[in-house]
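I've put the structures underneath this note.
Here come two complexes built around chain A, the first alongside chain B, the second alongside chain C.
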Partner chain A sequence: MIDIKRHNAGFCRDHFLVHCREQVRRAIHDHKMVEPGDRIVVAVSGGKDSLALWDLLVGLEYDVDGLYLGLGIGEYSGESVQFARKYASARGLKLHEVDLQDDLGFTVPGAASVTHRSPCGACGLSKRHVFNTFARDHGYDVVATGHNLDDEAAVLLGNVLRWETGYLGRQHPVLPSAPGFVRKVKPLVRLGEREMAAYCVLQGIDYQVEECPMAEGNRHLGYKEVLNALEERSPGSKASFLFGFLERAHAQFATVAVEEREGLSACIECGSPTTSEICAFCRLRERASGVSLGEGR
Partner chain B sequence: MKILLRNPRREIEVSGPCTVASLLHRLELNPESVLVIVGDELVTRDARLDDSASVEIRPVISGGAS
Partner chain C sequence: MIDIKRHNAGFCRDHFLVHCREQVRRAIHDHKMVEPGDRIVVAVSGGKDSLALWDLLVGLEYDVDGLYLGLGIGEYSGESVQFARKYASARGLKLHEVDLQDDLGFTVPGAASVTHRSPCGACGLSKRHVFNTFARDHGYDVVATGHNLDDEAAVLLGNVLRWETGYLGRQHPVLPSAPGFVRKVKPLVRLGEREMAAYCVLQGIDYQVEECPMAEGNRHLGYKEVLNALEERSPGSKASFLFGFLERAHAQFATVAVEEREGLSACIECGSPTTSEICAFCRLRERASGVSLGEGR
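Let's look at the complex of A and B:
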């Protein structure tokens, strides 16, 4: 049994699995995330959300492969790839692997210390770049990520607290494709992270429970704690905060995001869309790997 | 009761019996941020845990904003 307070309901195993599948099916349908014939690549970390997402998309009979990105975060990365491989091989699914150190010459902790960025900042930039370019270069139409309702509500809270209008305009379950960008979708947006952990337990999916050591003390975790305290007092708060924004406020910010996208040109190093001559990822890579731009071309 | 906590992995002893809700309250954990697992089963807040139970409290909150 699992109790989901915001639905004021307790589910048995079978009904809970149907509930999860239905929420994903509905998110995909309502936001037109996938078109017939699309090839999807799921960004797989070895954690609960991405493995549950892969499992749910396979269950809904989509054409979907996985992509694991090795971040070079010591033991944490060493273990996380094992969970991803084990899941894929047990089900006969195709898992691609890219390793920041082996393939691009740097790690997340290394990049963070050289550039004085936060590790999560360097990590996020690397993930967005690698997932997009990999999908573009390997003929995938869609990149699906495991961002869930809690992630999105926490990001929204952070964006609202600082009135980041560009980020608010881009915060949506679907980012459409554009020159240089593959479509990005978040099919778990209607499911909370407690639901995703429960899904994995009930489906017998072994995932990495231990948290990334870089996460400790980051702002995002603080936002989640605040939102969970609200949710405990007033079930449904997270969902109404996020879905209220998407339904009633997102459009007000969308033009800012469209204008930002229209002003982009191709990076002279990797071809990714950027506001300057060389994109932020290539600049990060140059500083973190010590390989001058142009040498790797 | 033996309680397995994660992140980092450690075990503590808590005296029972009690309900899941009161156990989480005693440990100052928000029920929204954990799953409670007994054997292979998920249990709800109103479930009673007896003194010999082996219970895993698994956090479900993950960190990075990327």
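Let's look at the complex of A and C:
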């Protein structure tokens, strides 16, 4: 039996799988994540969340392919891609692959070391850029990511502790499309980390169990610990934190985010929307790959 | 030396006392807590925060008296009042006393048991009511409470975890006066718990060191633990959480609070502003004391 304290419920195998599918269906419906005819690309890392998401979207009969981004994090990346490939080939699904080193000339550890910034910052920037531009250039309408309830609650806690009003305005299960931006959706937002691990086990999905070695000791994991302690004391804390925000507070911050989106122009290197001439990703790429910008123009 | 990590500073005795006074002076100035000629009453519990606050306000030469509210929590209350009396008499200061049992016919433990609600709820309601009505009836312009940075950050965390938008709108170092409400101020909002304990030790102020026995295991203490863990990892977290809220988010919630204040009428028992005919305090008192409302009318 799979016990979910915040729902005060225990599920047998079959009903647990139904529960997961219903939570995803409800998230997609409530937040209008997908429109009829949309082509979806799932950002696949080889971990439990993104593979479960892909599996759930296939089960709900969406038109959905996968995209794996190779980050160049040694053995960890080498293993992760195998889980993604194995999942896709066993089910006859289409997995695209982009490799930061082969296709863009740098790796996440390299970028972090050159810029003296956190690897998680360089990684997040690269993922947002590559998933968006790949989807835009390959005719996908939606990028779906495997952020679950635990992830979103931890990001929210970090944003709230520093009152990052711009980030708070953009923290939502759906970021609508805008010129240069494909719609981004988080269909797992109603499901917790433990549930996604149980889903994979029950569905026979092998996944990368290791945490990324570069993430060790980062703030995000600290926020997860804090929220786990609060959830332990008072089950349902994470869900009421996240959904209370979405229902009663997000709108107050959203106007700030809309204002920030105005006045963006196209990056002269890659065409992505940016506040300056060259976008943050292309600047990172120039420093990390050693390739001067403008050489290709 | 007193080490304050969030200021990246260590102070000798004399400069630490100057630091505390300056933080209080700055809080009062920045938030316009006191106007010339204001008479202040400090809500004194006998603990470190309220006695330090009284001491600091006297040092800043404000016109300030104390008010002790007896909560009827057995030995704990019996001891606490002694610390308050001893502090006041040694310095020739005026301490008013109100006793829930003697003056209003009930105690906090009794009220909690009769209403099957948390003692902290009954205590908070009683304190807000008595401090406000006492100040109003005795010509005080301001009620000052000893809530410090740790208290305010913990309350904020609780309000944010449940997105209590009404409470968020009212969470501010100053609650302005309104019909039936005396102005309420929190001049210790820039000083932490450890700083207040050090202040009392250095100034030779004896205080109640025990936590209230009824508060054990309450949520507020859990939030303090969580924030202490975050502060340990990243000094300054509490201050940036609280002051970031005040600077960048409070205003978004304040309109809700103002709307809630509209449409209040006077309680037919005690005259306090209330949303219904009889205020929450008088209803608590009726149930806890066994005295029927209206008997005095």
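Following the convention adopted for this analysis, the second predicted complex is superposed on the first by the 295 of 297 C-alpha atoms of A that agree within 3 Å, B and C clash if a C-alpha of one lies under 4 Å from a C-alpha of the other, contacts with A are read in each partner's own complex, and residues count from 1 in each chain.
Throughout what follows, a residue touches a chain if its C-beta (ideal position, glycine included) is under 8 Å from a C-beta of that chain, and two chains touch if they have at least 3 such contacts.
Every value quoted in this text rests on a predicted model; they were computed, and no experiment measured them.
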item: Which of chain B and chain C A:G222 touches, first, second, both or neither; value: second
item: Which superposed partner A:R233 touches (first chain B, second chain C, both, neither); value: second
item: Touching partner for A:C120 - first (chain B), second (chain C), both, neither; value: first
item: If touched residues of chain A are counted for chain B and for chain C, the larger one; value: B
item: Partner chain in contact with A:M1 - chain B first, chain C second, else both or neither; value: first
item: Which superposed partner A:E211 touches (first chain B, second chain C, both, neither); value: first
item: Contacts of A:V160 with chain B and chain C, given as first, second, both or neither; value: second
item: Where chain A meets both chain C and chain B, residue numbers; value: 219, 229
item: Interface residues, chain A side, partner chain B - complex; value: 1-3, 5, 10, 47-49, 120, 123-124, 127-128, 150-151, 154-155, 158, 193-194, 196-198, 201-202, 209-212, 214-216, 218-221, 224-225, 228-229, 231-232
item: Residues on chain C engaged by chain A in the complex (per definition of touch); value: 160-163, 165, 219, 222, 226, 229-230, 233-234, 237, 240-241, 244-245, 247-249, 252-253
item: Residue ranges of chain B in contact with chain A within the complex; value: 6-9, 30-35, 37, 40-45, 47, 58-66
